[in-house]
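Got some structures for you, see below.
Common to both upcoming complexes is chain A, partnered first by chain B, then by chain C.
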Partner chain A sequence: MSVTTEGRRRPGVGAAPRRSSATERRRRRQGLVAWLFALPFVLIFMVFMFGPLVWSFGMSFTDMTIRDIRTPFSVNFEGLQNFVAVFQDETFRKALVNTLYFTVVGIPLTMVFGLALAVALNTGIEKFRAVFRVGFYTPVVTSIVAVAVVWRFMLQGDGLVNTVLGWVGINGPDWLNDQYWAMPSIILMAAWRNMGTLMIIFLAGLQAIPSDVYEAAEVDGASKWRQFRTMTLPLLRPTLLLGAVLLSVGFLQVFEEPFVMTKGGPLNSTLTMSFFVYNQFGYGRFGFGSAAAYVLFAFIAALAAVQFRILRSKD
Partner chain B sequence: MVRHKAIRAVLIGAAAALVLSGCGRADDAGTPSGDASNGGSQAAIDDSPAEGEITIWMMGEEGEKFPDFATKFTEENPDAKITVTTIPWGDVMTKFQTAVTAGTTPDAIMIGSSGMAAMVATGGLAQVPDGLVDAGSFVQGAADSVVANDATWAVPWYVETRVLYYRSDLAAEYGLDAPTTWDEALEFSKAFQEHGAEWGMQLPVGQVENPSQVILPWYSQQGGSALTADGTAYDFDNDLMVEAMEYYASFFEQGVSPLTGYGDTAAPSFVDGSNPVFISGPWMVNVLGDLAGADWVDQNVATAVIPGGKDNNNSYIGGAHLGVFKDAKNADGAWKLIRWLSQPEVQQEWWEASSDLPSVSSAWDYEPLQADERFKVLSDQLENTVAPPSVPTWDEIGGVISTESEKLIHGQTTAEEAVKAIQAKADAVGLGW
Partner chain C sequence: MVTVNPVSSRPASPGPVSSARSALRFPWSRAVTYTVLSVGLLVTIMPFIWMLLGSFKTQGELLRRPITWWPQAPTTENYETWMSQLDYGKFLTNSLIVAVCVVLGNLLFCSMVGYALAKIDFPGRRLLFGLVMTMLMVPGVVTLIPTFVIVANLGLVNTYPALILPFLAGPLGVFLMRQYIQGIPDALMEAARIDGAGEFRVFSRIVLPQCGPPLATLAILTFLGSWNNFLWPLVVAQTEDMYTLPVALSLYSVGSNQTNYGILMAGSVLVVAPILVLFLLLQRYFVQGIAMTGIK
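Our next item is the complex of A and B:
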């Protein structure tokens, strides 16, 4: 990489002391050619990525609703009114709390599952390792719509989960229809769905730890648990943080699980911020919905910033 | 450095967007962007045969059955060709909005009656040309629901209304007659429980099951109306709505209806007798038939008109209309197709093909229809109906009613507070024109 950079720069570097106008011209032409080559990408990016972003951001400051879709420019500018309204909306505040609940409980839970699986596959399980690896990764690639049907059957009042609980004398609730148990059920399902991804990442991280440190610990007489706590975890720290970052963006935007399982109910107890935004667009409140979407974006950006700071300081 | 540039770029872009979007609303008077450019009354549609390709969007079963049915039209109009695109019910609004925004609309569209106002608000629909059909020939509730903002935007195609379903075999065994008042309905439901049923009445709970579809009729049965008399605002903050909400809640307080709603087990729990009463539309006959067999349904399922409140026994009326897009290439052909579909004989044939109930009153004078006891009940019920208000934000306000009623039955609010909360939200959202 550095070699090619050096090669490309050589003419410019050689002429640096005297900076003749000829090299200046050539550099400018090179720059122009470079932009020409980049033009297709830049155009596509501007039209299909940046444009819609700016458009939706602008929309969040207007009173645009369903009546304006034929004439999107004749809407009134409302300043920050939508953002104020978003935070005044009781349902949005509920959705915000639900989303934080989901994220704060869901991410550690998924990481514990993923790490446990990775450690088990790395050290404990010798036979059929590939089978287990595929088995635990399958939830990641299966369609949530199909999976949701099975989960709903398992979680319904007289479903599999409650039948099993009944064997040990526990009278389980109607999970998805109970305002206190619906969210934990959704979190568990999300953890089940996402643990496979983390398992793969953590497995790679575990295999990158050299085995000689374990041998040294072995010689010093450290127990397996002690080895895991004081060696595996600290050495895995960058991988764990990577997993947390990857997960958090998806978890803050959680939508599919409540959409297919509960539609946000009962009593809005599984209504998330993404779901709220989706509903607003469904009602045709485009300005208000955009504002809510950018509030969600701000949360994700803030969380990402915090995580990058943590990642960097431990480098 | 790079970051600063990026921020600057975003700010410039945002500023540009704001300047562009700051052009201001042209018509702040509150008229939908529709009428101005539409010229109100279009040229009347003549009687010559339809020509050219007519593209139409339809949903669900209608979309599957209509192409075959439409051959009758193309036989009479040999120069016309009908292309039907089937769309899932859930995607209609999105597809409609996209098509209107991009100007890529078909000629005509089937419109779920509760979604019409939101479509009108986009300005994508054309008004019904003067003299195309006689508004007086339609079932009253259906004729009302094609009018929004003082103009007519669609032609009713078929209707559905909700009636009371109960297990006739059990009712006969226990000596129960169909209830006619609110109190009787509650007692009727309880009587099934006294004889061993787990529940007495299936009622919808929560956003998905949308209890506004039962609460709105109850409100209407007490004499209330969702909109003020001049139709400029929602009107819920009154005793009549409180009574409707309290009546809904009483079923849950007294243990007659499950707090979880009917869920996935509406039909099975009716068939096994554990929850033997519900209010629903004509399609339930087929749903129950698929589960237990048509013979079982004939012998054990009775329907009756809705028990009434202190003013009337209005029931929710739904169904579908047909409308034409403002940007239609073949508006003339589309209106001719719609006019054809609203003829009484064609409506009767369509009922044979689809079992959709005719929206034209005179089509009900039809031997096979009248012979069926169930259709007589529906026909009686259609005399007393209430349509959801034809305003763009009704969907959202219906959702608010669902949320507040769910809080109410969980004891998190009172009927008075719930009604106040519904009114506050309704005032904040407005009608949406």
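Our next item is the complex of A and C:
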């Protein structure tokens, strides 16, 4: 893909009228070259990402089911009927509440874990610092399918977790088979899997805070906790918000954790919005499922927009 | 990664008296930090320890209550079963082939489009970038079925291309490369253009050689994503010779095998081990990668 270089000479000094047509030609050539650079990505993007996105948007206004797959244009336009039906669907409302539960509890929990680890690793400890960082990050890199096997085993009614709880006199429930405890278990697992990422991001943020700020506070006799509350937290605000944005986009889409751990049960107590959509596609209700998917997308976009506004306004 | 160490500058400031006093004091706060971190670390990696220990226990021991910690009669039987009943080598090869192709595709295509978006002014530039950014927020399930229908109509179901093509160039990579290339000064590129170099030459000789850090990050992130990718391979890989490791493990763990914990744990160890070894070897780059995508 070598591009000829003719016409790329420095524009002549005099010759004002000719120069404008030369720059015009140059701009057109540049546009062509740029699109050539973008071509492989654009092809993949259009066929496997943006195309399907538009397609499912279109589908959400139709009564398309799996039977219409060979004749996608013979379906009936239904307007907003699917969206109305989605919000009337009791299971969807349950999934919506579950997803919000997961997000609203899971994000603060993960952030507290991540921040606590980052602060602890940033106290100037030298020995084993790398070991701790690697160890706490390990859950991030491992396959959820593999991890789910051992989590399910540990969370059994008479498994490792309850054995340890038994030492301190707590009689733990059968976590994943209990409709009230299944979701907290999933949240805990998600926090475990994501705290490493936040730890790294927060650690980078903490290290960007100049140390003389703390020295001044130290001289003034401010306690560690006070320093943390009145200086570290405010200075870390942009980083904290960034972590919240990254996490909330992922957490609202939560799917794999309940899929491998509970299959959405018991009694739909861990059924999330993504899982609901996945099930609808499984049942062949393409139009309805797409509408539900776009409701989820709207939530994510709205939340991201709000968070970016907060992020921007304080920069 | 720059390490700013606030402690090193601290003892010098308050003067000789207080530093002498603090030297006599037992460093309680440090001891507490280490204790908390150690306990936290143990809890964090407990699932992996439990997985490894469990994979050497017999089925009988795994079901025994109260639970046993150390394997009473260590056995490699679980691994042997996994190796003889299932084609581990094939799954491993499939996972590797897919991951390597996905990584190479992302490195090349994302840096190309990243260069165009960062350094060439062309019609449609803002639109393209806007679409890429939007795509970062789209939930995976939204595009799952249309993508499957497309792949099916292309006749690609149960082939390597089906596993690879949809991930060959992703929006995250484009974003990452564009942000980084934007920070490269124009001077060198302009000089090369004046010397008569075409855009492709400028890209391959001047821009790419400076893109080491984001390319390393992108390689790691896409390899990780591909290796652990689960839902899509589960949908398009339909015969055993196309399974990747997570798919094989997940499809093995249904039905009556669901409680075959010994074999499942051995399988989990075999799925996790390669990526864990890679992570331990390259951990510095992993960390750098996360910080880069998070901060920029």
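Basically, the second predicted complex is superposed on the first by the 264 of 315 C-alpha atoms of A that agree within 3 Å, B and C clash if a C-alpha of one lies under 4 Å from a C-alpha of the other, contacts with A are read in each partner's own complex, and residues count from 1 in each chain.
Assume a residue touches a chain if its C-beta (ideal position, glycine included) is under 8 Å from a C-beta of that chain, and two chains touch if they have at least 3 such contacts.
Predicted model, so just to flag it, every value in this text is computed and none were measured.
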item: First (chain B), second (chain C), both or neither touched by A:I125; value: second
item: First (chain B), second (chain C), both or neither touched by A:S74; value: first
item: First, second, both or neither for A:A146, with chain B first and chain C second; value: second
item: First, second, both or neither for A:W55, with chain B first and chain C second; value: both
item: Contacts of A:F87 with chain B and chain C, given as first, second, both or neither; value: neither
item: Touched partner set for A:Q179, first chain B, second chain C, both or neither; value: first
item: Chain A: partner with more touched residues, chain B or chain C; value: C
item: Which of chain B and chain C A:L246 touches, first, second, both or neither; value: second
item: Which superposed partner A:A301 touches (first chain B, second chain C, both, neither); value: second
item: Touching partner for A:G264 - first (chain B), second (chain C), both, neither; value: first
item: Common interface residues of chain A - those touching chain B in one complex and chain C in the other; value: 50, 55, 59, 69
item: In the complex, chain A residues that touch chain B; value: 50, 54-55, 57-59, 61-77, 91, 152, 156-157, 174, 177, 179, 263-268, 279, 282-285
item: Chain C-touching residues of chain A, taken from the complex the two chains share; value: 1-5, 8-10, 27, 30-31, 33-35, 37-38, 40-42, 44-45, 47-53, 55-56, 59, 69, 117, 120-125, 128, 130-139, 141-147, 149-151, 153-154, 158-160, 163, 192, 197, 200-201, 203-205, 207-211, 214-215, 218-219, 224, 239, 242-243, 246, 249, 252-253, 255-256, 259-260, 274, 277-278, 281, 286, 289-290, 293-294, 296-297, 300-301, 304
item: Chain C residues within the chain A interface of the complex; value: 1-10, 13-14, 29-30, 33-34, 36-37, 40-41, 44-48, 50-51, 54, 62, 65-67, 108-110, 112-113, 115-117, 120-125, 128, 131-132, 135-147, 149-150, 165-166, 168-169, 171, 174, 193-194, 196-201, 203, 224, 227-228, 230-231, 245-246, 249-250, 253, 261, 264-265, 267-269, 271-272, 275-276, 279-280, 283, 286-287, 290-291, 294-295
item: Footprint of chain A on chain B - complex, ascending; value: 10, 13-14, 16-18, 20-26, 32-33, 93, 97, 100-101, 118, 121-124, 205-208, 259-261, 263-264, 392-393, 395-396, 399, 403, 406-407, 410, 412, 432-433
